[in-house]
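Listed after this line are the structures, all set down as structure tokens.
Look at the two complexes coming up: chain A is in both, with chain B in one and chain C in the other.
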Partner chain A sequence: MEAETGLRHRTWWTPYLFLAPGLVMVTMFSLWPFVNTVILSLTDAQILRGGGFVGFDNYARAFGDPDFWVATGNSVLYLVVVVPCLVFLPLALAVLVQREVPGIGFFRSAFYTPVIASAVVVGLIWQWVLRSDGLVNTVFRKLSIVSEPIPFLTDSTMLLVSAMIVTVWKGLGYYMVFYLAALGNVSASLHEAAALDGAGPVRRFFSITVPQVKPMMLLVGTLSAISALRVFTEIYILGGESGGPGGGARTLPFLIRQVGLGFAGETGYAAAISILLFLLTLVFSLLGRRLSKGDER
Partner chain B sequence: MTRENATRMALTALVAGAFLATTTSACGLGGGAAEVEEGERTGKVSGRITFRTLQLKPVHTSYVQGVIDAFEQKYPDAEVVWEDVPGDGYNEKLVADAQAGALPDVVNLSTDSFQLLADRGMLADVAKLDPGAAGEYVPGAWEQFKLPGKGEGVFAYPWYVTPEILTYNKRLFEKSGLDPAKPPTTVEQFFDYAERIAAGSGGRYSAFMADPKGRLPGDWQKMGIPILNGKQDAFAFDTDKAVAWVERMKDLYDKGAMPKESLLKSDDVNQLYGGGKIAFGPGSPGFVRDIKQNAPQVYADTQVANAVTGTLGHIGIYAQSLGIRKDGKHLDAATEFAKWVTNGPNQVEFSKKATIYPSNATGLADAYFSDKGDGKDAETLARAVGAEQLKGADLDANTPVQWTNQVGDAVVREVQKAIKGEQDARTAVRKAQEEANKLLARTGQR
Partner chain C sequence: MRAPSFRIGLAGRYATLLLMLVVMLGPIVWQFLTSIRGRTENVYDGVLPARPTLDNYVRVAESFPLLQYVGNTLTVALLAVTSNLLFAAMGGYALSRAAWKGRRAVFTVLVATLMFPFESVMISMFLTIREMGLVDTLIGVWLPGAVSVLNIMIMRSAFLAVPAELEEAAVLDGAGEWTRFTRVFLPAAKGALAVVCITSFMGAWDDFLWPLLVLTDSENHTLQLGLKTLAGATTVSDQRIIAAGAMAALIPMMLLFFALQRFFFKGVGDGAVKT
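What follows is the complex of A and B.
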């Protein structure tokens, strides 16, 4: 009888014992920083200076801050442009390199190379490609396509576009691998049956391949949307620490860093912008989830 | 919404938020710290103290360790634990430690980090701890570690310093019809030279880096433009002279006197100067040594001269210091050690190993710093020119504590727009001052 009770007792707490180390880590390094950021966002704290409770003042300030709206606009624009590119272009690439032909491994590796290159190296390479006296402008001038260099890096809008190109270029290979895995699961018999019915490659792609990889497309869309809202490195490396001329190409993470960093950093305000960025990310993530559910139905 | 869905959504929100917040927290967010009490003094040089340096390992390991060993030999009851931190993220680590109340007992601080930590009451007043120290340092260097509004307090021992000098490519000077023997001496003249260089280059090279952040507020101070009002409680640089400076920068930028991308500081000045693409290099003696090693051809064309000044005759000085944690347990040992590291012989020895200058008066008087050689080698000349300038340098031109990183960014953003032609110079300076004063009011810098 005693032995039975002991066994039941162990059964009750044993799973929690196994979970405990993970829970402690998650609480310390993920949940607590989040809760702390929420609390901080309600104070006027600065680096090295304790802050007092100010309610939702920081949020009100953000809504009235033109810099916040510029950064939000840039982040959303980034998402709107980059996500469709990262959903469709890697799929096309995956279809191209899917078939086993001699030498295809080289192309697969080549497309994947930017993924493993550091963001800083990628940024520097593109800087030399896009600067006023860089590769693109030099070629364009030699071919008399332009008389004045295109301000890829010194105009805020062009800088944003240049950063998007770099993000897409770097993300192509990454998401291509996702699609290669999904394409491997598309039933070959469906393609064969459609081919027998006289469907050409384009028809087969849209009628068979796309519906089969749609869940993966939604996943890629969600992941790339989250990444797009967190873009910082590309802007920083291509556009310098002010975020383009006049700070016109700053994204929300860029603004958070600028506001919160340094000895005079306004941590309370930076925390409030972080929470707003979180809410924006959450909205797009839930949107992706809803789309995915609609598809399942 | 079902309970399961609500729970799932709440968990999703929490985890996603935690992830984002963790990443943003890593960017330096955090709470504040209150003013600290000064530690107790025992009058004994004993105890275990920590000493933090900025990126001195492995090149200067033997030098620093030698200084520590000699100190421990002289004071057997004291023990120094040396930690060296890489340059990247040094200030962020300092902030994190200051917030956590974990500053080292003796810590290497740059001008901006010294100002902010001292302003927050975290550094001991070394003038009070060690009343006889003042006479041992170059007056300008000692004065630099005072803070406006904090009386006669000095909040760090001056360590090594680097004065601004002028470096230029004499071949590009000659190509532009300029006499390399007559370099510019004022900011205004510097701009005139840049215009001549741009006119003669045909787009093949430029004069200098646009980067307003690198030039401000130094240029304005040299031109006699007030950065703050008399009470030091508001920015006051919105003047005709500042507007004229912005207009001149725009004009020169349009004329190609500066590489286009250098407006954003995304260019590497060493690469551009080393590649013969700009006529004026960065004004630091250490840079001359780098060019000697990395671009010997351009080094052969490199000439050095006194730094460009202005109406006030100021030059820029970049100083490193040793601050002492105010609430340290062994204040006497920390004070004695900081004084030991910054004494004349130790500073001279260090200066011979790196391109730096002693802040110590007896150290700077060493014959090594007045030797110009045959006057032809740029590195030797740079050392002599720098040391000469340092002896009488007026250090008022250093960036005031109120000109924080955020203020600098805000001013630069407006100036960049004007240089790009997106707004006129007067509007840019007015808006820059408004932004700067808003930040000043919010962050409460004195």
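What follows is the complex of A and C.
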């Protein structure tokens, strides 16, 4: 796909000049922090003082730390629940809004609105929906479905579920746009031919549309898996600074911030958890890539 | 060129669309309605407020320095838009056209950095910002996002789609590199530039975790950080005020988006897929 124009830059350094700002930023705020995180993770550095080399002590500590396992479990659970929802529901939504019917532009934009809203605003809106005196509990009590309010935000597991609902709700419109682009490339003539052969819409969806958007499904799966591992704000806004009762709903990014910053911040230990989060992310990106490569064969 | 379609009946389609509209917009609309309810009115009394009022917006502005937070956020957002537009376009241009030594290597390194989740480098980024003496400054909030690799890639793929003939014609006319960049390539990639513009503005406006790490003094808080205090005070605070705060952060974004949405959906197509 490289468009080689055959044109040469006037001088050898022109492209570097054009790239310089980008390269400086990437080096300072991406490459170096990564290298530095690896280094820090092997030291006992704290926020106010540098540390000495301690080898893999921080990693050993993480594996023996119940907080680490709670956070890892929460992050992985988050991913396992949220990813299938975000692979299939936005596809259904895209199919729904794909056809040009009057007013469809309005619906597309409306479904995209939660994407525009910040995680904090979305958190505030859903906090009000899910609070013990919030909309859902009030309606449920008026209809006598429940006598005690459902502890959406005050029970660790429920808090995680609430955050997942928020993530899915906010992600629907985002991935819908991905699928709209993919659906635009699904050949109309194939559909027409299949329709002539008597295939119904459901049949055509599964035997024509799905195979053609499968690469996009894998991409959406990978992207949503990576973003599921990054969840922080939803938990923070819905559950507060401690991450639910006893920190029971903390995710890995949540733990990293708690451990690494503040007056007693243990940057070395936080760096080790950061690297473990990175490795977890890497596993899922490679998995996504492997799946899509296998698909091409 | 009609897209393939599914005939589930127009009525059924609209019914499903309306149902989804309630799911997607319902919570936002209800929050908006709550934000204009009078102080004496029960929040759950009927769907529409009996006496709509803007009183809660005044009260939220009184309870914390809303305008100052908006100003701080705008500062960061406008810096981010300017730097991303300029630097991403420049970087994308260098990566898209004529081959040069090391292009492949630079490209690979840039793509590789996309694999580092921000959360796994944020502690170290914070230490860098602290060493630069930029903790608790808006510059410190802006700088790490001054140009994103993703935006460079968006610009690159938009420039790749510019026909070679257009560039060759410009060369024959004697246009230098910078002239070709500004006169030929930038105008041809308006859609992608719009996408970079909107996404970097929204990214800066909506960001929470990084400002939370960098900013301490509430003087310098961005809007999202300011809103956090509303979330923390749920048990005592008035839902109407929280709603007004949330709407004050959301409505400008929605206006911006609806004004530019045509550009946006078109630009997404420009950058993502070429047939």
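The rule is short, and it goes like this: the second predicted complex is superposed on the first by the 272 of 297 C-alpha atoms of A that agree within 3 Å, B and C clash if a C-alpha of one lies under 4 Å from a C-alpha of the other, contacts with A are read in each partner's own complex, and residues count from 1 in each chain.
Just so we're on the same page, a residue touches a chain if its C-beta (ideal position, glycine included) is under 8 Å from a C-beta of that chain, and two chains touch if they have at least 3 such contacts.
Since the model is a prediction, treat every value here as computed from it, not as a measurement.
Asks: Given the superposition on chain A, are chain B and chain C in a clash or a fit?
Replies: Clash - chain B and chain C, as placed by superposing on chain A, overlap.
Asks: Which of the two partners, first being chain B and second being chain C, lies in contact with A:22: first, second, both, or neither?
Replies: Only chain C; A:22 stays clear of chain B.
Asks: Once the shared chain is lined up, is A:49 touching chain B (first), chain C (second), both, or neither of them?
Replies: After superposing on A, A:49 lies in contact with chain B but is clear of chain C.
Asks: Quick one: classify A:221 as touching chain B (first), chain C (second), both or neither.
Replies: After superposition on chain A, A:221 lies in contact with neither partner.
Asks: Answer with first, second, both or neither: which of chain B and chain C does A:131 touch in the superposed model?
Replies: It touches chain B and chain C both.
Asks: For A:177 in the superposed arrangement: first (chain B), second (chain C), both or neither?
Replies: Second partner only.
Asks: Please indicate which partner A:120 is in contact with in the superposed arrangement: first for chain B, second for chain C, both, or neither.
Replies: After superposition on chain A, A:120 lies in contact with chain C alone.
Asks: Just to be sure I read the superposition right, which of the two partners does A:151 touch: chain B = first, chain C = second, or both, or neither?
Replies: first
Asks: With both complexes superposed on chain A, which partner does A:270 reach: first (chain B), second (chain C), both or neither?
Replies: So A:270 meets both chain B and chain C here.
Asks: Using the superposition on chain A described above, determine whether A:261 touches chain B (first), chain C (second), both, or neither.
Replies: both
Asks: Comparing chain B against chain C, which has contacts with more of the residues in chain A?
Replies: C
Asks: Output the chain A positions appearing in both contact lists, the one against chain B and the one against chain C.
Replies: The overlap between the chain B and chain C interfaces on chain A comprises residues 26, 29-31, 33-34, 36-37, 40, 127, 131, 230, 237, 240-241, 253, 256-257, 260-261, 267, 270-271, 274-275, 277-278, 281-282, 285.
Asks: Contact residues on chain A for chain C in the complex?
Replies: These residues of chain A touch chain C: 1-10, 12, 14-16, 18-19, 21-23, 25-26, 28-34, 36-37, 40, 93, 95-101, 105, 107-114, 116-121, 123-129, 131, 135, 138, 169, 172-173, 177-178, 180-188, 190-192, 201, 204-205, 208-209, 226, 229-230, 232-233, 236-237, 240-241, 252-253, 256-257, 260-261, 267, 270-271, 274-275, 277-278, 281-282, 285.
Asks: Quick one: which bits of chain A touch chain B in the complex? Just the residue numbers, please.
Replies: 26, 29-31, 33-34, 36-38, 40, 45-51, 127, 131-133, 149, 151, 153-154, 230, 237-242, 244-247, 253, 256-267, 270-271, 274-275, 277-278, 281-282, 285-286
Asks: Okay, in this complex, where on chain B does chain A touch?
Replies: 9, 12-25, 27-34, 91-92, 95, 98-99, 112-113, 115-117, 120, 122, 213, 259-261, 263-266, 404-407, 409, 412-414, 416-417, 419-420, 422, 439, 442-445
Asks: Given the complex with chain A, which residues does chain C contribute to the contact?
Replies: Where chain C meets chain A, its residues are 1-8, 10, 13-14, 16-17, 20-21, 23-25, 27-28, 30-31, 34, 44, 83, 86-88, 90-91, 93-101, 103, 106, 109-110, 113, 115-128, 143-144, 146-147, 149, 152, 160, 164, 167-168, 171, 176-177, 181, 202, 205-209, 212-213, 224, 227-228, 230-232, 234, 239, 242-243, 245-246, 249-250, 253-254, 257-258, 261, 265, 268-269, 272-273, 275.
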